[in-house]
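One structure follows; several queries about it will come next.
Order of writing sets the chain letters: A, B, C and D. Residues in each chain are counted from 1.
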Amino acid sequence: MNTYRLLISCPDAHGLVAKVSQFIFEHNGNIKEAHHHLDAQNKRFFMRIEIESNPTHLLDDFKQAFTQLAKQYQMNWQMNDANQRKRILIMGSKSSHCVADLLHRGHENELEGNIIGILSNHNKLSKIASWYEVDFKQVAIEKATKTADMAKMMNTVDSFNPDVIVLARYMQIIPKSMCEKYQGKIINIHHSFLPSFVGANPYQRAADRGVKLIGATCHYITNELDEGPIIEQDVLRVDHSDSAAEMQKMGQDIEKITLAKGLQYHLEDRVLTCNNKTVVFR
Amino acid sequence: MNTYRLLISCPDAHGLVAKVSQFIFEHNGNIKEAHHHLDAQNKRFFMRIEIESNPTHLLDDFKQAFTQLAKQYQMNWQMNDANQRKRILIMGSKSSHCVADLLHRGHENELEGNIIGILSNHNKLSKIASWYEVDFKQVAIEKATKTADMAKMMNTVDSFNPDVIVLARYMQIIPKSMCEKYQGKIINIHHSFLPSFVGANPYQRAADRGVKLIGATCHYITNELDEGPIIEQDVLRVDHSDSAAEMQKMGQDIEKITLAKGLQYHLEDRVLTCNNKTVVFR
Amino acid sequence: MNTYRLLISCPDAHGLVAKVSQFIFEHNGNIKEAHHHLDAQNKRFFMRIEIESNPTHLLDDFKQAFTQLAKQYQMNWQMNDANQRKRILIMGSKSSHCVADLLHRGHENELEGNIIGILSNHNKLSKIASWYEVDFKQVAIEKATKTADMAKMMNTVDSFNPDVIVLARYMQIIPKSMCEKYQGKIINIHHSFLPSFVGANPYQRAADRGVKLIGATCHYITNELDEGPIIEQDVLRVDHSDSAAEMQKMGQDIEKITLAKGLQYHLEDRVLTCNNKTVVFR
Amino acid sequence: MNTYRLLISCPDAHGLVAKVSQFIFEHNGNIKEAHHHLDAQNKRFFMRIEIESNPTHLLDDFKQAFTQLAKQYQMNWQMNDANQRKRILIMGSKSSHCVADLLHRGHENELEGNIIGILSNHNKLSKIASWYEVDFKQVAIEKATKTADMAKMMNTVDSFNPDVIVLARYMQIIPKSMCEKYQGKIINIHHSFLPSFVGANPYQRAADRGVKLIGATCHYITNELDEGPIIEQDVLRVDHSDSAAEMQKMGQDIEKITLAKGLQYHLEDRVLTCNNKTVVFR
């Protein structure tokens, strides 16, 4: 029994659900889970259907046949085999809380994907990578040689052939060309409740502003810093007695959990984007 | 343009979604919103579909025709016209926070239903009922005359001909016969995070146990006290400095909001029950 | 037995707590509750002490004597008699959810203060004010006559002689002179998680940005729009299926509760300000 | 500059704060942080004072002198040097999420204590212990030899000479004699929102009851199973689509964070107990 995930986004049309459901039924698929969303403002329809199917040859057959229907309704679509686990590349820097948490989840087989490597501009994460027997590459980024360093970093990224890149507190701004090449495939954790405190030092700025909750935001990277589609957010309560340093320490827990949640949604093909927003079918 | 809500619960079967979607399409319905759930343990399938339709005669036609399909798949089903707003009877006692909150929501047209009356064993709520121009009936419940009083109360309830009965801190145990007569139609707010602190004085018991969060639970009433299917729950943080009396005061906010949420889900036909659990399609 | 609340803010100094505690002890006061906070960055010390005292003459005596100590340590301080309930003026517009909620709390004696009036630029709230037997004044604010209207509004505010002014979705920008006159005495509820979405239409902008949590912020008004010291904040979860209109409706619950909490902290003299931040001693 | 933490619990008495503060002042201590709590029901007073002091000899002096004052007011008290980090023994079984999380926090120097060893009835955690260079001991617990096994386990515990024992999903019931020997020093994480679902299989029972929030509880162990004083609790939202297995997976995040929080409060001497409740001075 195989599981496939069909993701569709298209202009709204009468009878869409019926057409797609009927199609799946006729191709020996059984709908295990289905989610729909109509974006009333943009008149766009979104679907995610988990299909269970016995015949191992369903995928190609299905895909070929579905192309017709997709054309008719101007669908953006993809269909993924749940058995083909995504290849995850983690990019980190010095902070280890998110990286350690992801590695442990990977090790315990809790992620719907395989962590294939860690790329960092510092050496600090190499030890933990070796513990978990994950390939570690260091590409230092120096001010003086930034352009060349970034090029080397991007080559290294490409060499991993990743399906998804996780910026686990990488702390460097990703070059435009890489943003474009891996559009919708780079997931970042920002240590604030966006759109509050875009950019550097969000905890210090949260402390300075005197907010009563701090947050973390998991989002796709775009060319605009911290402006990409938000996948998941969470907050925790702080008060006047918490300094910026303490907020940073406390915030690590929601950073790691929010990143893990957002990544898992992506790995399970639960996230579609529409302009600068996400539809997350939980 | 009318909106109908089709609720289905039936044994899981291949092609169900396709069949139902196709049926709606062929009867000139447009699916505005659809939710599915497969209870894997009980092999039961649940659906809620919001259908938009132009011809005003769809409802009868549709219902008649659908009966066939429903029989074939052994469906429990109902189809409600969103224009036929449910008649809400509120039962209260002395506490007014939930009642005032519901009356205000009703007054501002935020509820998908009409509050048709308030029934209380005390007189305290009569003033606020009159402000909002809602019918108020008092049926005192005295220890010595309990059986007769309860019979009178039930007659009064019946006289309102309610679609849904809201126990807004009514504080009396509902007789078995009434539980059965209005099965799935009586919604209670219990002032604890069930199954903790079933029964009386939950705030005092929460304080005595030293819990760090207190809660409220909105659930359907059954014959078993505080054991009915849970619709919605919420909690808030307390600490050692909060006495039972303070918890009771603080808890009023989650009581009123949790009750309003649970009621609204019911009014929008978003709740299906399965054994002693609910499926809430938000 | 009377209760007094002593609030102190001063430069940090060795032995402060001992000095103040000893002073209270020697003046027949009993410390019921005490909170301290050292702002390490600004080297300022904050205290709130609830004092219980039998002799009814303690207050004057105490205040006079304390002035000496206060001078020595360069204290900003105040001492309030808990029996002298603050006079609350509510300013509203058309939305009634916060106003109704506050009126009900006042009516049930849950606020540590007395609601003495409602001032609005529209007439919509007059009915609910009359229900709760609270003085209602309307001062319309028209574009063409704004300066004069605002002057009239401010005269009306003054005529109430309020201790605290609550902007319960008043929707007009408060003139600078009023901000200054009532500094630290005007409490606003903003319908976003500040500093996100300062200004108008925060729910629409939250929906446009695709955030996964929406919020409400209770803060003191200053000359800078939505930049005053934050007293309390809260959030609730939304997703792609919630439109801006639905967010607005859902958000009303956290608006009213966050405002009521922040106001109550103020009424109980639990809030001190330091630059643009608050210390809230819960 | 040394930091000491003075914890006091005693019958309420007039002038207590003044006496203690004055004492600290006279012994060259500076109060960095102070928390008080009056348990009105039991008429007991609780204090936690963080004292900064220059002279390295303050501790003994102070302790000796304070004994007098303590006797006078019938105080239970302790004074801990923040530099003397507590020795933490972790007891685990097969689940690794809590253990890995604590080890990582220890490694990053985020805990106010030193993890000195891991004791488990299985071998599964030995690898991660070796990564973090923490002593690992396995004492298998077999049904047939339980009494002897438990004795061996307790000997092994003693051999670590721990200040605090963390049951990180240890899954065995701790013998009465060990509960008594280490009273107030054994911290457990229970995978439910206590008092709901005391005992085994809480996630399955939560799923069966259809609750809308699941929780985790960090508490001190007593002879009564899952009845000890609660230090910290947290919850997360679930719905009908989450099976017991999924709840278990989701719940790991609040288990590990709630345990880490509760442990940290204990390590920072922020927790006092009163009957079966805790006072947590955050």
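The rule is short, and it goes like this: a residue touches a chain if its C-beta (ideal position, glycine included) is under 8 Å from a C-beta of that chain, and two chains touch if they have at least 3 such contacts.
Here's who's who by UniProt: A, B, C, D = Formyltetrahydrofolate deformylase.
Bear in mind the structure is a predicted one, so any value in this text is a computation, not a measurement.
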Interface copy of C-D among A-C, A-B or B-C, judged by whether over half of the contact pairs recur
A-B
Check B-D against A-B and say which one is joined by more contacting C-beta pairs.
B-D
If you take the mean of the Cα atoms for each chain, which one ends up farthest from chain D?
B
Express in whole angstrom the distance between the two chain centres, defined as the mean CA positions of chain A and chain B.
37
Report the inter-centroid distance (CA atoms only) between chain B and chain D in whole Å.
41
Would you give the residues of chain B that are in contact with at least 2 other chains, written as numbers and ranges?
241, 282
If each protein chain is taken as a node and each touching pair as an edge, is the resulting graph a line, ring, star, complete or other?
complete
As the complex stands, chain B meets chain A at residues 14-19, 21-22, 24-25, 30-36, 38, 237
Can you list the chain C residues touching chain B in their complex?
96-97, 100-101, 104, 108, 110, 131, 241, 249, 253, 257, 260, 282
Within the complex, which stretch of chain A touches chain C?
37, 39-41, 193-197, 208-213, 215, 229-235, 239-241, 243, 276-280, 282
